[in-house]
Amino acid sequence: MEFVSEVKWKPDSSVSELVAQFKANGFQSTELNKASSVLYKIWSQKAKVILSFTSNMVTAGLRSLFAQLISLDLVDAVVTTAGSIEEDIMKAKGEKFPLTRFRADDIELHEKGHNRIGNIAITNDSYGRFEGVMKDLTENIFSKKESMSVSEFLYEVGGNLSDENSILYQANKKNIPVFCPAITDGSIGFHLYLAKDKNPKIHLDVIDDFKKLMFVMSPDDTKGFIALGGGVSKHFGLLTTMINGGADYAIYMTTSSGWGGSLSGASTNEAKSWGKIKDDSDSVTVLGDVSINFPLASFSVLDRLKKEGVI
Amino acid sequence: MEFVSEVKWKPDSSVSELVAQFKANGFQSTELNKASSVLYKIWSQKAKVILSFTSNMVTAGLRSLFAQLISLDLVDAVVTTAGSIEEDIMKAKGEKFPLTRFRADDIELHEKGHNRIGNIAITNDSYGRFEGVMKDLTENIFSKKESMSVSEFLYEVGGNLSDENSILYQANKKNIPVFCPAITDGSIGFHLYLAKDKNPKIHLDVIDDFKKLMFVMSPDDTKGFIALGGGVSKHFGLLTTMINGGADYAIYMTTSSGWGGSLSGASTNEAKSWGKIKDDSDSVTVLGDVSINFPLASFSVLDRLKKEGVI
Amino acid sequence: MEFVSEVKWKPDSSVSELVAQFKANGFQSTELNKASSVLYKIWSQKAKVILSFTSNMVTAGLRSLFAQLISLDLVDAVVTTAGSIEEDIMKAKGEKFPLTRFRADDIELHEKGHNRIGNIAITNDSYGRFEGVMKDLTENIFSKKESMSVSEFLYEVGGNLSDENSILYQANKKNIPVFCPAITDGSIGFHLYLAKDKNPKIHLDVIDDFKKLMFVMSPDDTKGFIALGGGVSKHFGLLTTMINGGADYAIYMTTSSGWGGSLSGASTNEAKSWGKIKDDSDSVTVLGDVSINFPLASFSVLDRLKKEGVI
Amino acid sequence: MEFVSEVKWKPDSSVSELVAQFKANGFQSTELNKASSVLYKIWSQKAKVILSFTSNMVTAGLRSLFAQLISLDLVDAVVTTAGSIEEDIMKAKGEKFPLTRFRADDIELHEKGHNRIGNIAITNDSYGRFEGVMKDLTENIFSKKESMSVSEFLYEVGGNLSDENSILYQANKKNIPVFCPAITDGSIGFHLYLAKDKNPKIHLDVIDDFKKLMFVMSPDDTKGFIALGGGVSKHFGLLTTMINGGADYAIYMTTSSGWGGSLSGASTNEAKSWGKIKDDSDSVTVLGDVSINFPLASFSVLDRLKKEGVI
C-alpha cells in the first residue's frame, strides 16, 4: 500500500524532481506522475507510438515539442485536425500569433482582424498570407501528381517546408505519416477547393488513408497511444490500436471529464470496453490543461531517456 | 433592468411553462431560456439553419428529435461525424443500444462485447450486423456511380433506409445535405476501405463538399447556427456562416467551458472575433448536458410554432 | 436489460412527460430521470429528508421552490451557508436582484455598485438596507435571549419574517431546523459583530448545533439526502446521515465532476466508502446546473405526489 | 504586443525554466506563468497575504508546502475548513493516508474502512486514533480557558503539536491566525460536542473571529490574496480584503469554471465587481488541479526569492 507523501519546495528543483514528488501528492498530480511512468515505458521499450492532438495545441506553443518528439524518433504516426496543419504551415512561414485574454472584447478583436482562440489570436493578415502559401503549395504538389491520399499530400507539404520546429517538416524527414481525417475542416478546405476548381482532376483520397492507418502497427507490436485532447484526432487514432488488438500503454490528457458522453471526455477505462486499450494495459487519464501537463510529464521522461542514452 | 424572479412548482406545468419560468431564474436556466427565444427567432423567421451535433447525441436518444426537426422543414443542412452516420443506420436497421453505468466495469463489458459510451453501450453483435448492412449499401450505391462527394453518398444511404426516425432518411426525403467531413473516422471507414479494395475506382470526394457547404447559404440569407457539442461538426458548419457574412442567430450547447482553448468550448462570443457570428447577432452559449438542455429548449419553441401555425 | 429509446417532441408535453422520456435518453438525462425516481421514493415513503444547498441557488430563483418544499412537509432539516441566509432575508424584505451577463464588465458593475454572481447582481443599495434590517433583527432577537445556537437564531429570524416564499419563514412555521455551520461567512458576520460589539454577552453557539444535527434523524429512520451544490452545506448535512447509519436515498446535483478531489465534486459512490450513504442505497449524482436540473426533477415528482394525494 | 512562443524540451530544465517558458505558451500555461509573476510581486513586496485553501489539499500532499510558506514568513493569515484542521492534526500525529483510485470500488473500500477522497483514502483507524488525540487536546486546552474564539483554539492546538510540516504548528510559531469559520463541519465537531457535553461552559466564539479577520489587514496595507479551491475558505478570506479596500494582488486556482454561479468558480474578474479585488489589481485565475499548479507556480517564485535573498 502506498501512502500520500508531501510536496515541499527545494531550491532549484528540476522538472523531473517535481514530477517525482507528484507520485504520492494525490489527485491529478498523482495521475500526471503515472502518465510520466507510462510514457517512460512506451519510449524506453520503443513501442509503436501514435500521437494525436487537437489543433488548439498547435495554436499554443506545443508545436515545437511535438516536432521535437518526432525528430527524436519517439512517434510513429500523428493524427490531428485541419487547424493543426494550417497553423503548422503558417508558423513555418513565420507567422506570429498574438496573445490576448480569455475575456477580451471579441467585437473589438473582430474590428482589429484578430481571431480569438482562448487567450491567443490569429490575425487576418496571417490568413491572407496563408492563401498565397497554399496556392503555391497546391500548384507545386498537384502539378506532379493529381491524386493522392491526405497523408501523402501532407508528406509533400512537409517536404516543401524548411522549419525544424514544424511537425510536417519533421514527419517528412522521418517519413512518418500525418493523418488528418477531416482535412477540409478549415481554411485549407477552401484553398483545396480553389485548387480543384482550377484542376478538377485533383483528388485527395480519404479511404486510402484508412488502409494506411490500419497498417501503421501490427498485432505483434507493443503499442502506445498518446491522446492530447479529444475529438476526431483521438478517435481516428484509436481505430488502429483497436484493429490491432488494443494499446499496451495509453495516456489521455484532456479538460473534459466526460459526463456528457463525449469522446473527448472518454477515459482510458471506457476505451478498455472497446478493446481500444488492452484490459491489462498500463493507462492513465490526466484531467487538466495539456499546455501545462504534457510538457511536465514529457520533460521528466526525456531527461531520464537522455541519461540512459536512449535519446 | 430585469430582475431575478423565482421558480415555483405549479401542478402539471408544461415544458413551455417551465422554460418560461427559467427566464429570470439565473445562471444556465436563464441562458437556456435565451436559447429558446433565439431558436424561436430562427425558426419563425425561416432562417437558413445549420444543425451540427456530435455522434454521442445519436448514440443517445436525440436522433429521433433531429430527424423530426428535419421533417418539419426546420433544418437546411446537417453537419456531424462518422459515429452519427453509423448509429443512425444501425438504429434504422433495428439495432438496440443497452443502457449501462458511467462507472461500469469496463473489463466485464469488454468480455460481454459491450462497448461503452458514457452510460450507454453498443454491442459487438450490432457492429457485426452493421458490416453486412454496409456491404449491401456500398455495393448498391457504388454500382450505380463510383465517384461522388460524401454528402451525395449520405443522400444515397438515406434513400436506402425506411425509418422515419432516421436522420439520413429524413434528410433524403427533404433533400437537405448531411455533411460529414471525417467520414472515415469510424467502422464505416473500414467498410468503405473494404468496398474500395474490391473496386479501386470508388472515390469519395471531400473537396466537393466544401464547395457545396459554401453555397448552402448566401450572404443575403438570414442565417441560424445550432451547435450541439463541439469538434469537427461544429467547426465545419461555422465555415459557411463565416464565408457568408456570419450567423444572425446562434445557439451553442456544450459541456465544455473552454478554458483549455478547445473549439468544443469556444463560446458564441469567441465566434464573433472570427466573424463566424455577426457582432450584433442574437446568440447564446448554454453549458450543460445537451441530452437535457436541447429537448427542453426546442420543445418549448415547437409548442409555440405549432400554436402559431408555423409548423 | 434496458435500451436507449428516443426523445421526440409531442405538442404541449408536460414536464413530467419529458422527464419520463429522459429515462432511456442516455447521459445526464438518464441520471436526471433516476434522480426523480429517487426523489419519489424519498417523499412517498415520508423519509427523513435533509436538503442542503449553496447560496448561489438562493441568489437565483430556487429560493421559492425550497420554501415551497418545506411548506409541503417534504424537508426535515436544511443546511446551507451564510449567503443563503442573507439573501433569503433580503428577498423577504423586497430586495430585487438584477440580471446581468456572465461576461459583463466587472469594473463598470463595480462603479454602478452591482456585485456580480455569475449572471446575477446584488446591488450595494440592497446591502445598505440589509444593514438596517439586521440591526433591528439582532436587537429584537438578542434582547430576549443573549445566547443561543445558530439554528435557534435562524428560527427567530424566520419568526420575524412574513414572506411565504422565504425559506426561514417556512422553516419557522414548520419548526424544522436550518443549519448554517459558517454563519459568519458573509456580511451577516459583520452585522453579528456589530451587535456583539454593543452587547458582549451575545453568543452564537456552533457546538450546540452539532448535537442538534446528530439527532435530526435516528438509525431507525428511512433517510434521504438531497445535496444541491457542494461545500460546507453538503458536507455538514452528510455528518448526520453517517452518524445514523447512512442515507437510504441520496441525490447529488452539482457542476463539479470531482477530478480535483473536492467535496463539491464527490459523488454518491464516494459517499458509500464513508458510510454517508448506505452500500445498497438508491442514489444518483446528476452533473449540470441545478437551476435547470432541480426544478425538472422535482416538478415531475410533485405532480405525481399530488395525483396520489400525498401532497 | 506579445506573441505565442513555443515550448521545447531542454535537458534537465528546472521548474523555474519551465514556468518561464509557459509565459507565451498559451491557454492555462500562460495564466499559470502570470500567477507566478503575481506571487512574486506579493512576496517580494512583503504584501499582507491571506492564504485560503480547501481541506482536500491537506488530504493531498500540499500541507507541508503550506506549512513551509508560513515558516518562511510568506503568509499573514490562513483560512480553511474543518477537514484541513483534522487532517493536519492527524498527519502531525503520524497518520498515513493510503493512495487509491478515482474509480475504486467504494463498497469494497467501505468494508476495509477506507474512506475515499478522490484517489486518496483516510482509514477508520486514523479516525479512531484521532478521537483520542482530540480528547486530550480539548481537555488540555479548555482546562486552562473555557471560552475562546476559533482561531485562539487553533493557536492552542498548534502549540500542542510538534511537527514542523504542520500548518497549525507553524502558524503557532509565527503567531499568525488560522481562521476556520465552519469549525464544526467534520468529526472535530463531534469531538467538540463531546468535550462540551462534559463541560457545558466550553464556548467557541465565531463572532470574535470576524472582528479579528477584519483587522488582519488595513486599507493602507498592500494586500495579496491566494485562493486555492473555493467555498467558505475563499469567501471568508475575501471579506477582509473587501472591507479593507480590495486586494492589490490576487491568485485564484480552481477546477471550477463557474458557469453554475458558484463562488468556487467565481473568477478574479467577478471579484472586482464586489471590490474584493481592486479594479486595477494584478490578478489571475488559473483553471486546473491545484495539486499540480500551485507547486509549479510557487516553486519558481521561491527559487527567485532565494536568489534575491528575500527568503
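As written, the chains take the letters A, B, C and D, and residue 1 is the first residue of each chain.
Everything below uses one rule, namely that a residue touches a chain if its C-beta (ideal position, glycine included) is under 8 Å from a C-beta of that chain, and two chains touch if they have at least 3 such contacts.
Only a predicted model underlies this, so the values are computations on that prediction, with no experimental measurement involved.
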Listing by label each chain that touches chain A and chain B gives C, D
Chain C and chain D have mean C-alpha positions lying a whole-number Å distance apart equal to 26
Cα centre of chain B to Cα centre of chain C, whole Å, reads 36
Chain A to chain C, mean C-alpha position gap in Å, rounds to 44
Going by residue number, chain C touches two or more other chains at 26-28, 56, 59-60, 103, 118-120, 259-261, 269, 287, 289, 291
Contact graph of the chains (line, ring, star, complete, other): complete
So, in the complex, the side of chain C touching chain D is made of residues 54-56, 59-60, 81, 83, 102, 104, 106-107, 109-110, 114-121, 181-186, 189-190, 192-193, 196-197, 202-211, 214, 229-232, 235-236, 239, 243, 255-256, 258-266, 269-275, 279, 289-291
Contacts from chain A onto chain D in the complex sit at residues 1-9, 11-18, 21-22, 24-32, 56, 59-65, 68, 96-99, 103, 118-120, 165, 269, 287-289, 291-293, 295-296, 298-299, 302-303, 306
Per the touch rule above, chain D residues touching chain B in the complex are 26-28, 103, 257, 259-261, 287
